[in-house]
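Structures incoming, each one as structure tokens.
Consider the two complexes below, in which chain A is the common component and chain B and chain C are the respective partners.
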Partner chain A sequence: MSNASTSSILQEVQPRKPWVNRSQSVREMVKPTLIAGIIAIAIVLFTGLAGPLGFYFSFVLAFIVVSFIDGMRHDKVKAIDKVMTTLVTAGFATAFIPWASILFTVFQRGASAIYFGYFTHDMSYTSADDELGMGGLSHALVGSLLILLMASIIAIPFGIVTALYITEVKGKLSGLVRVIVQSMSGVPSIVAGLFVYAVVVSRYSFSGVAGAIALSILMLPTVARTSEEVLKLVPDDLRSSAYALGASQMATTFRIVLPTARSGLITASMLGLARVAGETAPLILTAYYSAVYSLKVTGQPLASLPMYIFQNFSTGTDTALTRAWGGAAVLLSFIFILFIIARIAGRGSRK
Partner chain B sequence: MSIATVEKPTADGPPRRAITNQRNASDKRFRAVVTAGAMFAFLVLALIASFLLFRGFEVFKEFGFGFLTSSTWDSGTGESLNGASYGVAAMLVGSVIIAVMAMFIALPFVIGTSLFLEYYIGKKIRAVLVSILDLMAAIPSIIYGLWGYLVLMPHAAGWASTINKYFGWIPIFKVDVENFDASPFISALVLGLMIIPIASSVTREVYSRAPQDQISAAYALGGSRWGALKAVVLPFGKSGLIGGMLLGLGRALGETVAVLLTLNLVFKVKFQVLASAGGNVASLIASRFGEAGPFEIKALMAAGLVLFTLTLLVNFGASIIVSRSAKAGQ
Partner chain C sequence: MENDDINLIVNATNTNAATGGNALDEGRVGTNGLQTKGIHVWFGKHHVLEDISLDFPANSVTGLIGPSGCGKSTFLRVLNRMHEFIPGAAMAGEVFLDGEEIYGPKVDVTAMRLKVGMVFQKPNPFPSMTIAENVLAGLKLANIKVQDKDSLLEECLTRAGLWKEVKDRLKLSGSSLSGGQQQRLCIARALAVKPKVLLMDEPCSALDPASTLKVEETIVQLSADMTIVVVTHNMQQAARVSDFCAFFLSDGGPGQVVEADRTAVIFSSPSDQRTADYVQGRFG
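Moving on, here comes the complex of A and B:
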């Protein structure tokens, strides 16, 4: 008996944890949601705001009003808190509407372009406005893979070395290097393309290698910054233990630090790849586009997925646009796969 | 099957190493190589600046300051710089207008997203939502552009015409011709969407470092959740928010393809953001590049240098602000 009353008192004086989403607060939400929903339906039916977007915005507006009135039953502070909760949630949710729309459109419209031969044919005998059962993007897919592979060969070692300089060598210029990498991540992609055009393309020709150099410039900062974060997670105890056993710094780095951080470094590389896989602007100036399947990375233009989308968009007919969406679906799936690999590798490093 | 045996150290084994705090030769070499590798980033930045300057130098010499203040883009005969006239004023103004608009469009969503993820939901859902946000940041700009042109534009042109109808008396919302397609407004909407994940990941980081004891103190004084956020988190995270938004601004200034696909490039300084005409340095380069002769290429290089300098300054400012706010949090 006394026990029960003590516990009920305790429950009353327990500190509130407003950051925890209690089920009670979920239950509190039902009534305002219903009322706001009804008001929103009324607005959509009887005023100019129409369609799902109109419903959404009138729902948010109605919810703000309803939650204010609901809170005012308590006091003004509560009312403002409720209104702000609605606003913050709406700010978050609203940003997701266009993203959902992007994903939906890409895969829905892209699906009609994709058929089995899409991955085995190129566009050498097919023009962009031929019917959809013909041609494909094998050339673009292979070209993208080649360019990304070459870009990785440049960017990943230099990215990791840059991170090693900051975390292992801890040289005098660490701060400066960090600032430089930060600024490099802000280099507009078109400027990287212009630079490679000036240095490589204007002397030789459009080529896959030129595209890879441009992409590696954009990839390096991502790899360097993520690797730095990962290498910082390697416990200093491990380094000290290695030094205590008489290992040199080089041995410590290669035998202890890098293997420990391996999966994190894979994550860094994948994030770098995902960052540049969809870059279009630098490729317009460097690798350009060719409709023919080719493994030759020098001396001639090389196709890539973003340029495939861009070319089809520029053609502009209905079937070409559908092809562009198909390319977008393939590109997006590719980037998502890179992300998933990064995630899985990242999970491995935390264990 | 042979068994490997470890030889016991004997009296005449390897000589004892001298105890020293000097690094040995291989370590010195290792450190030199890594240092040289780290200078690569520095080298690349320097090379970009010097090559663009070198290639665009003739244009700067010919037009001087006029390159920044004139807005005609005319190749003339295309055989020399005489008779041609190049200026990036319209594109520069356009870039800034679009990027600043994008920043202000993104701002409420960045604040909402950061606060919501840090203070309104549990840890597990947060982890999921944050990885979705990261994924959204990785959507290529060409897909944003494609979507912006084919899906968003029909809606957004309608919104623009509504804004024009009710706020047309404000000069920037005026239009001369009733065409709301491919306007800076639509490009800014797309760019705003693109910078939300970038800016909010920085902002969220800083918000999450807000001193927990002060938040608890605000609750202890009977404050509501919003009271605590307003009194502690928002003031604390102000510089982080500014830094994040500036990073987004830098990204928006340099964006090429998303703008190229959603904007009607016109070589005229214009402040009417709803009208179907605008400019952007990056998309100027991409759109003129295909048909440019050798002298126009030089002008494009010069335009690239202007863009490079501008984004470098913005990003530099952003990273200083962010790192300062990070220090304040520790």
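Moving on, here comes the complex of A and C:
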């Protein structure tokens, strides 16, 4: 007794995780994977199912059967558990395929279009079917940034204020406003473009501002709906405490509710932004396209990444298509960077 | 049951004279505190409180006791008009703070709530703020300017019995504290706007015994210059901290006050049999 306790004092106690047994779980996975792999290869070789997709399909099927049989060596519950685990994993993997495939294709095809000058030149002295290594999309990148910035300035405050009306003010029209916002999210993007064309473009001209208005119409419902859900998550206790401290409704909303929901509201804004960053249809009718780098957002067309892709794709030659893919790669990275910024900004609220 | 029976009004001046005064009663004569007259409360058509007339003498602790669902918390919320945030709520009767009717037409509700602080059942520090910001939140929310914020911060945290524990981490989030500390932070937050009355809705129900003890000590200390109303389910707590007690009861209908008197009387020689049964733990 005393021996045992002294030895445990003398020996340094190391933190362990006895519930993790990696080598055993790997061993448990290796055998069914190998068997399912062999079966899948056999199916691909000897039946009509061929190619990587055929292999994937037969592998998943074989894996389900193998894991069921493997589990049945213990009992039925274990077998069903294994099959469900396999199904869920296979579902995830299947959903992952198009995602990975799109990313891969875009970057593979677009890679040859991208060089340093791609981000500093515009297309004013270069035509779409000129050799790669000339021209660039600086005009489209800056145009997109300007249009999205203006759309955000319009849509984010209005979206959050709309959500505040529904959750905080709880005015008599809350229900109606919520229904309208919901139905607004169903407005086809081309309709928003057409509307702005009729109201703005036909009176003045194609412009970045017109594009921003069209995008803000599409952005508003996403921001409002997501913000509403986020604001609902703020505990009522906090509102009560603020009121009990002698705060007005405005002070409670702006000093307590909004700061508490900050990270969620940033996420809501970024979702709205990502929703419209790749919109093309409304821009055809509003901002249109220009090959020249410009910071002027009124009175003349303004380029944007989706329109750059669309223009190059319409030209249709090999180099133009590669340029389109390059633009797609830049657009995807652009949205990805937006999300990372949102993540970092959102995390900042927890100290 | 007749109203005269159920509405024994606790009157500070009278009890003071009757008992010849003790340490707790010093300086109480002539002050006003909080009075309610004939408070009724409805939620929709549901009548939850009937004709509550109580007198909370200044600088004393009054405990509201009674089984769950008899309307104690609702009554507490009537005292600082938090009750009116509940949709479908309605009320009758009058509440006087230092002789002024708080439901009067010219009353500035937010200014009134500055005088009547509240501590809730669950600790709820503002998660977006640091410990220091939490304490001073009331000033910021009500746009009150203070000369020396640091000394006010220290004063409030000291009075809430939290200063020693947090003085080195005032810049941390309020959520980083333990439950008991969070509750004392909420008390400090309520104190910063210098309320005359402090309402506490089961302030210790989510706390461990050690934190409970600290909060109770805080309550007793605060009552030196503050009127405190505390709802509690804990008989011992009511006996320990309160000077006066009101026993609420609902027999299926709206909640009523069965008996209200000095705490010593309620616990030793209550006049109503149901009060005796309740404080001795025979029901509820």
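The rule is short, and it goes like this: the second predicted complex is superposed on the first by the 261 of 351 C-alpha atoms of A that agree within 3 Å, B and C clash if a C-alpha of one lies under 4 Å from a C-alpha of the other, contacts with A are read in each partner's own complex, and residues count from 1 in each chain.
Just so we're on the same page, a contact is a pair of C-beta atoms (placed from the backbone, for glycine too) under 8 Å apart; a residue touches a chain by one contact, two chains touch by 3 or more.
This structure is a prediction, so every number in the text was calculated from the model and none was measured.
Engineer: May I ask you to decide whether A:G91 touches chain B, chain C, both, or neither, giving the answer as first, second, both or neither?
Structural biologist: So A:G91 only meets chain B here.
Engineer: Residues of chain A touched: more by chain B or chain C?
Structural biologist: Answer, by number of touched residues of chain A: B.
Engineer: So, does A:I335 touch the first partner chain B, the second partner chain C, both, or neither?
Structural biologist: The first partner, chain B, only.
Engineer: Which partner does A:T280 contact after superposing on A: first (chain B), second (chain C), both, neither?
Structural biologist: first
Engineer: Kindly classify A:A100 by the partners it touches after superposition: chain B alone (first), chain C alone (second), both, or neither?
Structural biologist: neither
Engineer: Could you say whether A:R262 touches chain B, chain C, both of them, or neither, answering first, second, both or neither?
Structural biologist: Second partner only.
Engineer: In the overlaid three-chain picture, which partner chain does A:S248 touch, first (chain B) or second (chain C), both, or neither?
Structural biologist: both
Engineer: Identify the partner contact of A:P235: answer first if only chain B is touched, second if only chain C is, both if each is, neither if none is.
Structural biologist: second
Engineer: Do chain B and chain C land on any of the same chain A residues, and which?
Structural biologist: Residues 246, 248 of chain A touch both chain B and chain C.
Engineer: Would you mind writing out the residues of chain A in touch with chain C in their complex?
Structural biologist: The contact residues of chain A facing chain C are 235, 237-238, 240-248, 251-252, 255-256, 259-260, 262, 349-351.
Engineer: Please name which positions on chain C make contact with chain A in the complex.
Structural biologist: Those in contact with chain A are residues 80, 82, 85, 110-114, 116-118, 120, 122, 124, 126-130, 137-138, 140-143, 171-173, 186, 189-190, 193, 199.
Engineer: Show me the residue ranges of chain A that touch chain B in the complex, using the header's touch definition.
Structural biologist: Spelled out, the residues of chain A in touch with chain B are 15-16, 18-21, 53, 77-78, 80-81, 84-85, 87-92, 94-95, 98-99, 101-102, 105-106, 157-158, 161-162, 164-166, 168-169, 171, 173, 176-177, 179-192, 194-195, 198-199, 202, 217, 220-221, 224, 246, 248-250, 253, 274-275, 277-281, 284-285, 306, 309-310, 313, 321, 324-325, 328, 331-332, 335-336, 339, 343.
Engineer: What does chain B use to touch chain A in their complex?
Structural biologist: It is residues 17, 23-24, 26-27, 30-31, 33-35, 37-42, 44-45, 47-48, 51-52, 54-55, 108-109, 111-113, 115-117, 119-122, 131, 134-136, 138-147, 149-152, 155, 193, 196, 219, 223-229, 247, 250-251, 253-257, 261, 282, 285-286, 289-290, 297, 300-301, 304, 307-308, 311-312, 314-316, 318-319 of chain B that touch chain A.
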